[in-house]
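By letter and in written order, the chains are A, B, C and D; residue numbering begins at 1 in each of them.
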Amino acid sequence: MMHEFKINGEMVEVTVARDGQDWLLGEYQARVLTDGRIMVHTTDGRSRIAHSAKVGDVWWVHIDGHIFCIEKTEAGSADGDSEGGMTAPMPGKILEVKVADGQTVEAGELLLVMEAMKMEHRIVAPTDGVVTKVNFSMGDQVQQGDVLVEMGE
Amino acid sequence: MMHEFKINGEMVEVTVARDGQDWLLGEYQARVLTDGRIMVHTTDGRSRIAHSAKVGDVWWVHIDGHIFCIEKTEAGSADGDSEGGMTAPMPGKILEVKVADGQTVEAGELLLVMEAMKMEHRIVAPTDGVVTKVNFSMGDQVQQGDVLVEMGE
Amino acid sequence: MINTVLVANRGEIACRILRACSEAGLNSIAIYAENDAGSLFTELATIAVPLVGDTIGETYLNQQQILTIAAEHGADAIHPGFGFLSERADFAQAVIDAGINWIGPSPHAIEMMGDKMTARMTMKAAGVPVIPGEEIESEDEAGMISAIVEASERVGYPLLLKASSGGGGKGMRKVEDPANLEEAIKGARREAIAAFGDGRVYVERLLTGSKHVEIQVLADTHGRTIHLGERECSVQRRHQKVFEEAPCPVMTDGLRARMGEAAVMAAQAVDYVGAGTVEFLLASNGEFFFLEMNTRIQVEHPVTEMVTGADLVREQLRIAAGEPMSCGNLMMRGHSIEVRLYAEDATNNFLPAIGPLAVFRAPTGPGIRLDTGVREGDMVTPNYDPMLAKLIVWAPSREEALERMRRALDEFVVLGTTTNIRFLRELCDNRDVVSGRTDTTLIERVWPNGWTPTYSDSSLDSALMVAAVSESAGLHRTQAQKAESNDGPISPFQTLNRRYP
Amino acid sequence: MINTVLVANRGEIACRILRACSEAGLNSIAIYAENDAGSLFTELATIAVPLVGDTIGETYLNQQQILTIAAEHGADAIHPGFGFLSERADFAQAVIDAGINWIGPSPHAIEMMGDKMTARMTMKAAGVPVIPGEEIESEDEAGMISAIVEASERVGYPLLLKASSGGGGKGMRKVEDPANLEEAIKGARREAIAAFGDGRVYVERLLTGSKHVEIQVLADTHGRTIHLGERECSVQRRHQKVFEEAPCPVMTDGLRARMGEAAVMAAQAVDYVGAGTVEFLLASNGEFFFLEMNTRIQVEHPVTEMVTGADLVREQLRIAAGEPMSCGNLMMRGHSIEVRLYAEDATNNFLPAIGPLAVFRAPTGPGIRLDTGVREGDMVTPNYDPMLAKLIVWAPSREEALERMRRALDEFVVLGTTTNIRFLRELCDNRDVVSGRTDTTLIERVWPNGWTPTYSDSSLDSALMVAAVSESAGLHRTQAQKAESNDGPISPFQTLNRRYP
């Protein structure tokens, strides 16, 4: 079965084949245990147990002491979310707006300051670019996920 | 809703009424929490959290540090299981048979000895009565739940 | 005598205190806001009473409501835990005025230590060394800016601005370059006003390369004031401790005796009663300076319990009941480390994270203690502090304690909410952590550009395979119960722009 | 030097050892029978290798298969845990012959101590006091019966018959009335043959009212043999310990020194190396008698670890690698209690129980340690020992340790399999347990007609209501996953004739 995932911002296609109780991917083998965890055998002869849980569209996978968040995407669908949009990480209040529409900014430049969970959070530009739209003003309440600033090239 | 349960060998009918999010039984109130546990408010003003899990027909309930096993029975159905029958508590082997068909026995009298989990288990008469049938002989393998001896009055 | 303790707190510290009450045979009352209904701590109390109100101010900080509940349910003692009302002298006074035992020091002691400037002056007078710095009394912004600019020339750079009523890193700013001073003052003042309703700030020399070492003290009403050795809590992010240990790796018997004596002097200077912590900066030359005194039980108290064998919360209960403390002579053994598990994104400046605890499997085994207020299936919300749990290990030596901590963190599985577990795990491998050369700048020094996890291709490939197999096998359908047992539309994945925990 | 340890065991002790290996930075190999696939311990090892075969004899007791796996995967040490092959001198020898480190004493020491008669004679010769009794050498049933009947007149009643190669209560019979002697001999012999392939039995005076007190010893290859104080394990059911503590409540420094010295002498008499336990009966007059020496790590070793701060399994690894042990002078602190959680029906003569662990929620918090090999969702099968977990607490005093244990047991929720949790909880309230007047007859003395739980009508009514609400709300449908995630037709409810755990 082929699945399209997004991990670390990149799209990856993964195809696993079923062979009785086992699943195969190249030389890797995996098996679903009765409690829902998954045992993975890799080429070095080690077997490791992974935990997985799907929350929304994202598979959370624990293996080797690491956690990976792997988003299941529909094959061919648009790469939906906030690319280029700075979103509010949680509900809070805008304290300061440092940029205006049309302003050119550098990666890392401070765009605005918001308060949430009793701490100030500084929202910075992820890349060089131009601010195309500032959606909130000082003192505004924002909800989690609100796009605060939109940027273009 | 009315349910018929068996607890400690006795049949009990329990009727709970729904009132919005709450369930009522006399002056007791209960509510199912989002994680599936149940909060019970009793008349003394205390609230306690209970865990429950159904395995087969039996509800296992943990409350106040106690565990209760409460069997759900169908209203009106026959009281099916091994009343008067001594069953094998686990797979094992019959080591000795101490009684024969037709023999009168007293409560506590040794009926047979079986071996299971590397230990000897002594199966004794639960009440005074007459052995109506001995189903196994020395050396027989028995499965869990096999009726070993049948008794009548 | 105490019969019934009301715990005016929530989460893991409420669990800790309620269990101690239960072990001491005392009745207990938990109080909880609507959004904490069903939380672990509400189940550990003899009775749990709901608080009316939506905000923290209307619930856990609502002195009047808490006192009313205490009176209605016959509480004869109130334990404030840490945070919330624990260092509010007015609340302590109101509790005492209501005829209820306050499990903590006197309102006077809280006041003296709660105001950083008063505390500094009191400590100076008592002969306890303090950091070079100046108190700024000015109340208005302009006056404060000019006073600090002036003082900064005497104090010297790098310097630290601190909210006078502060704590937990709020209202704190480090300034290395005079050009940034004014903006930093404004920010610190704004945060201080928002958090504590008090915009006063003081300035002190930032002692870089120093260790944060604190001394646990206990004082009873029978005339005994003792110390229980030190904890080192140098490793901090956003001025909040994440890795704490006892003993301090560079401690000597002589230094411990001197610091312990200073801490006892500090406590005695304010007629301290109960459990408290005197925080010091320990400079690399062995000099130490008073930072502040926390007049309450501390988040990291378990490491002291693990090495000294004392039960600090039980001692608090005894002392508040007027009994002598049961601690004997100081007898430290082995080494203990605590790490704080936060719901936060260590790859994104430790920004708090939220989500369901779809899987929450804690490690078990010898030398491991977990203090937590959450369980699998709980929801991490933005309502409260994002600390999920404290994982504490003990072992005969520091090296073995670190080994044990690595093993425990590798076994700890939390899915559904981003946590700092992997960050903590890699911290345990850091050269300076391993050698004990920890100081307060460690995290920014080691990861100046932020932290990202390092993993092998094989781990990544395996993870992708696991996701594919999970999807193919339909595990999400059988797990549906877990992930959707929560009400509300919160979906952290729409919004966290990086997904690596 | 050791690099890779094969753990020839399963369940909680395998978890304990594998975690110690992981903390020591060693590679580890778990071996597991088909019916243990997916068990916790298989996940804690560097690699897990399946054993071929269906019975215990074909798997965990299969020396050849284990040695082959060790060779194939490059193990340079084997840790046998307890039970299984741990006290098999022939296996120890085979391991050594294969050029692999045996983590335990020499085959000679195992042999000397494994045969109860030889051990008694060796101890007598070494000047260690032994219980009045006689060894019966006769091999055939008739000869044995007449020899024992004769000896019984010299030894006196009540007496105890013990399998010469025995352990764990198998092949053991207490005889109070001469009329029952012959049937008891037959039963003991039959069980001994079945369990150990050796029908020899010995008879000794049963010292009623005595305490079972054992001394932990450690010996390294650098000439040091030390003791780590005592454990009291008097509270037993079916001759198996269920409640263990350190220190022994009636211990004095002088008695500890004498018993410790005797234990060290016992170990030295057989050139002992590694961790071992010398068991004594401590009579009410303060006299003590050698019972046996267990030449392996003991189930109840955690209580010693909690009070002494030693890590016994890490010391085993060090000693086997030829390093000196790291333990310093004995320094006992506070009090530790362990209870053994069994899947068993305490209301029905502690008959083993089976079933799914539909819910398995262990208590957490300060002073609590859980050593277990199971998790929620696992199945308890009749294949192995029914011990589910060891719950260990530590507190500054015995009284506080008991309080903590009560709290922990109240919080422990196991549903789906009958356990002895409630029995253990009520044990903690027993007057003799509270006062420390525990002896080996406590359980039969306190509950001569068996134990039944006592609960209030309010608890029972609440439970019935909970069942009704659970059924009405359809909770079993959302929980279906849990209860039915197991294959096979095992349904304990058809057959257990009493349903109270």
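Criterion: a contact is a pair of C-beta atoms (placed from the backbone, for glycine too) under 8 Å apart; a residue touches a chain by one contact, two chains touch by 3 or more.
Predicted model, so just to flag it, every value in this text is computed and none were measured.
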Which pair, B-C or A-C, has more C-beta contacts? A-C
With centres defined as the mean C-alpha position, give me the subunit B-subunit C separation in Å. 49
Distance-wise, how many Å sit between the C-alpha centres of subunit A and subunit C, to the nearest whole number? 29
In whole angstrom, what separates the CA-based centres of subunit C and subunit D? 40
If you average the Cα atoms of subunit A and of subunit B to get two centres, how far apart are those centres in Å? 51
Enumerate the residues of subunit A that touch no fewer than two other chains. 36, 48
Which parts of subunit D, given as residue numbers and ranges, touch two or more other chains? 361, 375, 410, 478
Topology of the chain contact graph, where touching chains are joined (line, ring, star, complete, other): other
Each pair of chains that touch: what are they? A-C, A-D, B-C, B-D, C-D
Name, in rising order, each residue of subunit D that touches subunit C in their complex. 15-16, 19, 22-25, 44, 302, 305, 309-311, 313-314, 326, 331, 333-334, 361-362, 364-372, 375, 395-397, 400, 403-404, 406-407, 410-411, 478, 481
Can you list the residues on subunit B that touch subunit C in the complex? 33-37, 39, 45-49
Residue set of subunit C touching subunit A in the complex reads 170, 187, 190-191, 194-195, 238, 351-352, 354-356, 358-359, 361, 382, 385-386, 409-410, 413-416, 418-419, 421-422, 425, 453, 455-456, 458-473, 475-476, 478-479, 482-483, 490-491, 493-497, 499-501
Which residues of subunit A touch subunit C in their complex? 1, 3, 5, 7-8, 12, 14-16, 18, 23, 25, 28, 30, 32, 36, 38, 40, 42, 44, 48, 50-72, 81-82, 86-91, 95, 115-121, 126, 144-145
Considering only the defined contacts, which subunit D positions touch subunit A in the complex? 37-38, 43, 46-48, 375, 377-378, 485-487
